[in-house]
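Below: a set of structures, written as structure tokens.
Consider the two complexes below, in which subunit A is the common component and subunit B and subunit C are the respective partners.
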Partner chain A sequence: MSVLRPQDQLPGLNAATILLVGKEDALLQRLADSMLREDCASSLKVHLAHSLPLPSDVNRPRIDLIVFVINLHSKYSLQNVEESLRHVDATFFLGKVGFLVTGAGRDSHCSVHRSTVLKLARAYRSPLLFCDLEVEGFRVSMAQRLVRMLQVCAGHVPGVSALSLLSLLRSSENPCLEDL
Partner chain B sequence: MDEIVAEFVKRTILKIPMAEMTTILKAWDFLSENQLQTINFRKRKESLVHDLVMLCEEKHASVNDAALLDIIYTQFHQHQKIWDVFQMTKEPGEDIDLFDMKQFKSSFKKILQRALKNVSVTFRDTEENAVWIRIAWGTQYKKPNQYKPTYVVYYSQTPYVFISSSRLRSSIPLLGQALTVASKHHRIVKMDFRSRYLDSLKAIVFKQYNQTFETHNASTPLQERNLELDINMDSRIIHENIIEKDRVQRVTQEIFGDSPQPRLEFAQYKLETKFKSDLNRGILAERKEPLRCLVKFSSPNLLEALKSLAPAGIADAPLSPLLTCIPQKRMNYFKIKDK
Partner chain C sequence: MDSYDIPESTSSRLKDHFIGATPLQKRLESVRKLTSFVPPSPQRKIPQCSQLQEDVDPQKVAFLLHKQWTLYSLTPLYKFSYTNLKEYSKFLSAFIVAEKQKGLAVEVGEDLNIKVIFSTLLGMKGTQRDPDAFLVQILSKSHLPSENREGKVLWTGWFCCIFGDSLLETVSEDFTCLPLFLANGAETNTALIGTWFQKTFDCHFSPLAINAFNLSWMAAMWTACKMDHYVATTEFLWSVPCGPQSLDISYAIHSEDAKALWDSVHKAPGEVTQEEVDLFMDCLCSHFHRHFKIHLSATRLVRVSTSVASAHTNGKIKILCHKYLIGVLAYLTELAIFQIE
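The block that comes next holds the complex of A and B.
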């Protein structure tokens, strides 16, 4: 199946799986390490992929949250994410997708404009997170945030669903009247 | 020693950093052991230099001796100059004569001295049948300027010459002529290959660094690498694209080889191609003339940087042949035109 669908499989017991999509392996690996160091009641799994579609012959658990990682220093990483988005089913975008942008700190190295990723996140109605993944402190706090989001998306937090989390996140940013 | 020579000796010694002073003076071999022992090398540089110049005066140092010291200094500090690579060719029918170093040197010197009355030429032999030549240029009426010399490194068993680039453009044709005639070649051509790192230029031109070896058991290294990855990584992290990663590693290794890359600092592409755009026609797309633009890649180690692009996920593998052909073509200045 070349399109990822959220309800394709039954959930595993106490399992929460996140898929990080991005071309720069080293950054994804470090983020994955930071996430797995967090104390978490759920049993976490992190899948790292360069791009979508994923290889189809593999047995994998249900994916609860997809985070697309874009490096502002590289147009190539933006292109990669834009192409990968086509292989995600629309129902995933009800709170189970997020965009993570790195590299905003070094403005002189940026070849992708911030407004481009803002537009992308708005078009897909998904949260946009900024974090410089190369700095350990920022990466650790982002990892904590992602672990909490993942637990919500996997349904492990009673009373909060992915969709309600999404609407909570949106109202804390600028309400976009043009979306209505 | 007249004033000019004394000044030249003093300025040359002054260039040498204190840490290298004894090494370079020993390599120069002009001042004897006894003389060097009378010097206190712990003094401040100015007075040390003064003492050394006095010793040179005692031994009647000539321009040639000072020029030799200058060559040795430059050999220790090769990266302070930018080196161009030139290639000499013989006529197709010519005999291959045995190379005679003495005859080359005297012939080279004679040709330059016949053309310009005032020119000072100094030679220093090094290993690998190479000779370093230092030329200080003058004119019919002016004495040679010792502070803007040109250095030539000629590997006599090869048709390649490395010349330090200098502002004195007018001297290059004469230098080329002297080199070709003295070494019994027919033509000399400047290759578009330039760098500060003479060793790297040599390694690429003489193909002295390991490129790729054909291995029949190409599958086993791959499996070993996979095992290594599994041991180091948390088993809760799953790489979806292992096959793709391996392919990228393999392609990169095929193109660049395993050993460290020779060091170049830039590659420059002069484009004279028509503007091509994916978007709707703009003003630029309608132009008939080529759009002239210059793209320059700089790096502390350009080839290593290119090698790491695909594994780091910043570019697709294989890289554009325009980038990977640099060692094969022995060029880092390109002119690209539409076909």
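The block that comes next holds the complex of A and C.
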């Protein structure tokens, strides 16, 4: 059982790799396409996976950011993400993991309550992003946001590290006393 | 997003924060509270027989059972008075007749002799604070005087509020809060009644849809109800989102087996927690997966049917058991209040 560790490999020159984990094939594919269309100084690589652990026989570059995609319409996607989280090393959660939730707009189709994913993100101290991935405009702006986050996590933005980005993102919500 | 980081063990609502606040402040606080919590709080009571139910005559409410009701949520009514019910009946009859005559074609034989009756339903409330429920019926007047005067009921609708404390606190004196509206009968009549109420009392109706999350709560709560004998099997309907046509999966189990499963999952007496509901549904889904290799958790629950009541995601319910009527309505009132806010 391989566990993903952030510093397992040396970074590639000017390369930034993001791993999208989720059961929603079509949505992940579209999000990946939107990200690759973004203008970016670094060379972007987007990896898609249904779940972790990843097969160990494949030669892959160092992963800079993992985004877990949860669809509120399907409890299965939440269970899948919870299972996959076990295969990520604790040091990844210092800014290099994010949760992306889709489907919150259509409340009548929701099987998972928003507070469940809120609690999950809070438990893992990672940023939680909401986006309706089916809508083109929202998907493009979320792709832009993820590309910027990825650049920070890969160390391509001078002066900002993944950890400082994490604390910046968190202070925009009301800080919980237990986090301090 | 919210500053209330409530530990799991707290089950009470945050009433003690709002002493001395104005209605507007209370409303803002309650909206923030509801958007941050699971709308049923993590623990919730199994519908018990309420003490007020003793006032309800089983025969009087028998007509509410075994009928399919379409649910709407209703904002508070402005300057509604229970003493003016006769006048409301007259105005509403006149309005309906006028609207029907406005139509382009009047069908031959269509009975325009209709009568509208407003009446209060005693005992349909959770606490003393809840406003009285009232009933609106459209009856067709019989042409022949020798037949019984009452005529055929064409349409029934009733307004109620069961345990609506969270809404009652935040609303001023002139408003009557009856957030749950149930209608049975032709859709055109529902629309007419709705228009009249909206014009007269400055309120707003909106259809109450029930999402899969709330349906699974209802399934768990109704399975938990103790019944002497079960009149129907427990049935779930799941909709699989795929391709041009959606598939439906129907899953039926004996009610006794469902109750046995619930009893093995359930720990604390008198309360239902989110974990127990999740575990109950997961057991059913994993049993299905073992036999058919289909993950029901990836599909959408659209209908739950038990011996107590049945509910569909588009807001249609049918209540089968007189004993737990108040309990079912209490949960639906909560959903309606959540939708209004």
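Keep this in mind: the second predicted complex is superposed on the first by the 176 of 180 C-alpha atoms of A that agree within 3 Å, B and C clash if a C-alpha of one lies under 4 Å from a C-alpha of the other, contacts with A are read in each partner's own complex, and residues count from 1 in each chain.
In this text, a contact is a pair of C-beta atoms (placed from the backbone, for glycine too) under 8 Å apart; a residue touches a chain by one contact, two chains touch by 3 or more.
From a predicted model like this one, the values you see are computed outputs, not experimental measurements.
**Q** Once the two structures are overlaid on subunit A, check if subunit B and subunit C clash or fit side by side.
**A** By the criteria stated at the top, subunit C and subunit B clash after superposition.
**Q** Considering only touches as defined above, state whether A:R86 meets subunit B (first), subunit C (second), both or neither.
**A** neither
**Q** Between subunit B (first) and subunit C (second), which does A:L44 come into contact with in this model arrangement: first, second, both, or neither?
**A** first
**Q** For A:L36, is the partner it touches subunit B (first), subunit C (second), both, or none of the two (neither)?
**A** In the superposition, A:L36 touches subunit B alone.
**Q** Once the structures are superposed on A, label A:H113 by its partner contacts, choosing first (subunit B), second (subunit C), both or neither.
**A** A:H113 contacts subunit C only, not subunit B.
**Q** Looking at A:D25, would you say it contacts subunit B, subunit C, both, or neither? Reply first, second, both or neither.
**A** First partner only.
**Q** Just subunit B (first), just subunit C (second), both, or neither: which does A:R60 touch?
**A** first
**Q** Which of 44-52, 98-106, 224-232 or 314-322 in subunit B clashes with subunit C after superposition?
**A** 314-322
**Q** Both subunit B and subunit C contact which residues of subunit A?
**A** Common to the two interfaces on subunit A: residues 23, 74, 76-77.
**Q** Going by the contact rule set out above, which residues of subunit B touch subunit A in the complex?
**A** So the residues of subunit B in touch with subunit A come to 234, 236-241, 243-245, 311-316.
**Q** Enumerate the contact residues on subunit C facing subunit A in the complex.
**A** 1-3, 5, 36-39, 209-213, 216, 241, 295, 297-301, 313
**Q** Quick check on the complex: what are the subunit A residues that touch subunit C?
**A** 23, 73-77, 79, 107-113, 115-116, 118, 173-174, 176-178
**Q** Over in the complex, which subunit A residues touch subunit B? Could you list them?
**A** Touching subunit B: residues 19, 22-26, 29, 32-33, 36, 43-51, 54-55, 58, 60, 74, 76-77 of subunit A.
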